[in-house]
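Structure record follows, encoded as structure tokens.
In this document, chain identifiers A, B, C and D correspond to the written order of the chains, with residue numbering beginning at 1 in each.
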């Protein structure tokens, strides 16, 4: 069980690195779907052994929303708007990858220093969670299109979700769920906004967004 | 029951707005506003007299801090709801609209959606201000983002789209970080309380924090606060995370901007305050206080930089919000006497800023330009709005006899009491710079001969003048007299923050 | 008795005042090898003028008529503050030198206004120069007074009794000269002031009728008849005041009659000296005059500092 | 006290009433109502206030305190000799300026001006000033101070369509606020240190950071008083404001700065314990301000700007005199202390009278000719004899000429400086005497300045058609001006009594140590008041002599006719008024001397060809401090701010990067 858990975590880490390197929007969407499914798997592999109904329920919800719902939705949006398939980056692709690796190294150091003593997080969970979070943020910063920013946001939320998994209890289930729904609503609103951006600017490239400044 | 009504009246109203057909939707809004304000007032009274109203199994259980912000949100909503009636009527008159930046013609978003989102917006803020639960607080703040995004995009033109996107993206990222802060908070208390059930309640956190005091776990607490600060600070508009604020507030319809600036920023601030409360209990008040002071001063300085030479009057107001948010953070960080000043400041600032944005809306409706260079002779052209604009300017920069003077003075005294002379120096320097910076565009608009190219026959509608006028009178009153019940509540709130 | 005796001295000064310009002119004439006007010429002039009518400019108002009157009255009033014939003025009081300076200032003010009242460009020119020299002359006069005050106080005169009388004849000036040789420098400074305030060469040329070069004379171009007589008389009283101040600085104390005679001699001596200066010097260029006044100020402040250091 | 409070209430009620008129649509009728109601209330309130000031005895100390709505501070009023003295100009000028203003505004165009608002702010200004002079609580003082500081903005702003007026009002607002910032710091520190805001509870001991407090107070109050280099708002605001407002501001509001400085001595503990440079700072700044002010005034050809700079000069003199008093206290010399403070307060009263008069006169000039540019004026004495006489009186007073009040004040100040010879240490003596010489230079130049002001405006021939046929005001409309004019004469001829009236105040100022006070009262006051009696006698005697001489002239002229003829043109036949001396040419010799010191700009444009066509000459004195310091400073700040605005680049990615960078930096700092 534990090694399986570690394996899933490792997969998540690899997916992060691929996200940082990937140059195609479709690929990013797929990776986010993969991450969603891996998150559901993590929920089903509880560290302290017992598996209750609420974990399963939440896992299903995560699978449905993050693993299937969002990616499908985002793909539809990108299809509908006829978005060109390549990611447009602002800082290149090497630098973000480097930043992601640096973040990984830093968070592993952090784990060594303070997290292990706590005994709350399984090995590697904290580094991977933080790396995922920062991967998402790097994508948001690096990519020039509205859609890729949404994907980045999604990935960042995944990282936070990972960190929250060990803390999950019966009582907090509803909140996890509402948070999930909240994220869902956010993605939904963002997608609508992308739609509007496309109709207003006939592109979703954020390079057009330079009107409001000082 | 009162609390449940408080939360669900606007929700239901929002849903009702979607009922198709042409019925007087607009007029429903003031009704909701009045009902909500009444309920808020009752809640305030209940909290002030020491009763602890609670509903939904403790999900809604306002304390003095929250109830102040609730009352403010409610009052501003009431003002905005009346204002909306006049505003939308004015909007209807114009069929072909031009982008304020000179772009293509645009249309407005459907009124139904606008009104419904307004209701959801206030509902979300009600949740934020009444819940003692950090998770629910987070959900509420995220909901405010989502419900206000469509409001910003009411005028469907490119600039407002841009603003909406920035708002949505930056705030979402920020709030995601705040969520991480919530989680880290739980991590910090992992050991002290094996039973994590019901842990998200602030009171439970505070109790736990006292146990954590002095242990290694404080490092998690510190990290948690940093995430909360950056996360909610983004939403609140602390520099350098404030970047969305001037865009969103300048492009949003003025009543949304009034609500955002006056009420929403407070809500986000509440998130930070909850963190600060826990930090104080954990013996880390100096750490969080220091951070708040730093960001407070940084925000004031940033605001000063952007206010000086600012040409766009709504951006001006937005940056002024950054400034005042900075003052709030500073005052809480300083503690002591400044806490009372800070709480009073939040009240005065909300009322003043709400009023200013509403007046700015009037000006925008008349001149169709956001640039202060296009507006001249307000005093003559729109006597009431012009007078309110001048009064609002004097109020917001902290001149007597307006309430902000009292609060800023108290905060200054608190700073001196804490012995931080250089903070006082920075505070005064920023205030002075901002005064000078703001006076230029404001006077440019108020003085002079009205431009010839705006139509002559114009009369100010009561709907759009009365709400800001009432707010203005309230701020004026606060400059002379802080009623006992308010002082009482503010003191209770300050006590929660360690005063 | 003292008061009566002082009044006699006052009357003497008032009567003899027009003699001073006569003496100066006579000296100048001698230097030029002319016979010159009679010494009493000013008396004749005044006597003639008071019997004449007046021509007043269309432009002028009451200010024009008030000018001569005020300037004459202030000069006479200032004279009453001075110690005369070795006697303290009964009108003097602590700080009366301030009043004296300002009385002269008032007279100047009135004269200048009267000049401006005519609207004549030439008189405006004179007015401008007079006003300026008055403005910068005043601090120099004060510096000189202060140097005396400082000396007097260091020599034991209480500060409540510092008046023109105590400064200029309170005690033996010889003691000043013996103990305080720097006082002699003040004589130079006050001499310059005399030339400036009374518009003599090298500051002003009272004789030419080339208006562009003049200060005082050009200001009174439009006056005639009794008004002109007032002006002439006032100017001579003013000249007397400054000569008497110089004399007070120089003369040792002696019996009243001896003092009176020696004072008259000193005043006329000053007149002769002025005549000599006027004869041997050319008028300074206008921009140099402030430098001259400044020089006098420098001398006076030097004296002041010397007296303070002691 | 009750009468006094009634006056305050009346002002407040008047402000509310005119305010209500102001927010209603402006019509000719509403303007008329406001123009009757506002000044009427103001005049009545001022009269009541005057009665209140005098009732209950000049020397008595009354107080009234009540709690108010704010959670700290209190509504504490007090009347003591210091307050009473400073209230006199407020009420007297408040009265005559209200009446004069009402007269000059009676034909205002309702399209352009809202008189309701104007009078509302006028009353608020009066109220603010009165409260400032009587407030006995730090917070109440600050509130009143800001009321007093802000309301003039709306008064100055009266002709806001004029670009210059807009600039001027802005400069005023900024200066007022920046000054207030220092005061806010001052009172906040005092509050923090004393734990209370009541003045009565603050006076006991010397506070910590006394020097910092003193500097805050000095800068804050000095900015209001117009001390260099904080004077820049004054020469902008006064010319822009309607004249009755300028008169009130200059004659009454500037005093508040002086009042604040003196009052703050109270709050800072015993003055003998503080460093000696405090007093010398006041003296130095005062005399430099005075010199700068008067030299600047010399270069002005705009009458009201000239008067404004002259106000700077006079405030400098007052602060200098207060500094002399302080030096006297610190050296323990009763003469210097008592005479310094008396001179300061005496000059304050005098300045209020003649500056109020002069500004009101300037207002009448503006009203009747449409300009106060002296290059366009001239010959008004003939056309408006009454007005000219009043102005001449004011000019003679302000030029410190006997027998008017200006001289009496200056005499007291000079005496105090002469007593500087008693100070210990050579450098103190020299400093005092240098100050005295400076004072003499100032008064000499001020005579020059007012020769120019009166001569160019009223004498000679009109220099343009503006002055040829002015709408001369009827004499009865000049009645409000007679009040300050009478005070100018009374202050000179009755100098002794005014001086004695000031003495309770001197005895009251707590900076005066008790040991000094005894001597001061015995010797100084009796001695000095008899001197002032002498001066008044001389004045009366002089007036009689002048009358006698004038009579003599008349007798001499007898029945001989006084012929009228053209001015003697020295043989030049074709003189027009344009060949007269102009303000510029009048000051040209002075500008030559002082130009380098003070930044006077002379603009000779001489055509040097063989057949010269057109030459011109101008003298202007732009404010060096403003032009060389403030304007570049503000521009630099603006540039820096604009340069920093690149941070708001508009790119959303960058914005999010800021968040991440902040987060990481904080984590490194706080956790790692």
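Points worth noting:
Note that in this section a residue touches a chain if its C-beta (ideal position, glycine included) is under 8 Å from a C-beta of that chain, and two chains touch if they have at least 3 such contacts.
Because the structure is a prediction, the values reported are computed rather than measured.
Central chain (C-alpha centroid nearest the global protein C-alpha centroid): D.
Highest C-beta contact pair count among chain pairs: C-D.
With each centre defined as the average position of its C-alpha atoms, the distance from subunit B to subunit D rounds to 43 Å. A straight line joining the Cα centres of subunit B and subunit C is 78 Å long. Once the centre of each chain is set as its mean CA position, subunit A and subunit D turn out to be 69 Å apart. Centroids built from CA atoms put subunit D at 36 Å from subunit C. Shown for subunit A are the residues that touch two or more other chains, namely 137, 140, 149, 206, 209, 211-212, 214.
Shown for subunit B are the residues in touch with two or more other chains, namely 165-166, 169, 173, 219, 246, 306.
In subunit D, the positions touching at least two other chains are 645, 648, 652, 656, 671. Shown here, the protein chains touch in an arrangement that is not a line, ring, star or fully connected set. Listed by label, the pairs of touching chains are A-B, A-D, B-D, C-D.
If you check the complex, the residues on subunit B that touch subunit A are 101, 135-136, 138-139, 142-143, 145-146, 149-150, 153, 156-159, 161-166, 168-169, 172-173, 176, 179-180, 183-184, 186-187, 190-191, 196-200, 216-217, 219-220, 246-247, 250-251, 306, 310, 315. If you check the complex, the residues on subunit A that touch subunit B are 114, 117-118, 120, 133, 137, 140, 146, 149, 153, 156-157, 160, 163-164, 167, 169-172, 175, 178-179, 182, 185-186, 189-190, 193, 196-197, 200-201, 206, 208-209, 211-212, 214.
Those residues of subunit D lying in contact with subunit C across their complex are 335, 378-379, 381-382, 385, 388, 392, 396, 399-402, 407, 410-411, 414-415, 418-419, 421-422, 426, 429-430, 433, 436-438, 440-441, 443-445, 447-448, 451-452, 454-456, 459-461, 523, 527, 530-531, 534-535, 538, 541-542, 545-546, 549-550, 552-553, 556-557, 560-570, 575, 577, 579-581, 585-590, 592-593. Residues 23, 25-26, 68-72, 112, 114, 139, 142-143, 146-147, 150, 157, 160-161, 166, 169-170, 173-174, 177-178, 181, 184-185, 187-189, 191-192, 634, 637-638, 640-642, 644-645, 647-648, 652, 655-656, 658-659, 662-663, 666-667, 670-671 of subunit D are the ones that touch subunit B when the two sit in their complex. Of all residues in subunit C, those touching subunit D in their complex are 50-63, 65-66, 69-70, 72-74, 76-77, 91, 93-96, 98-99, 101-103, 105-106, 108-109, 112-113, 116-122, 124-125, 127-129, 131-132, 134-139, 141-143, 146, 149-150, 153, 159-160, 162, 211, 221-222, 225-227, 230, 286-287, 290, 301, 304-305, 308-309.
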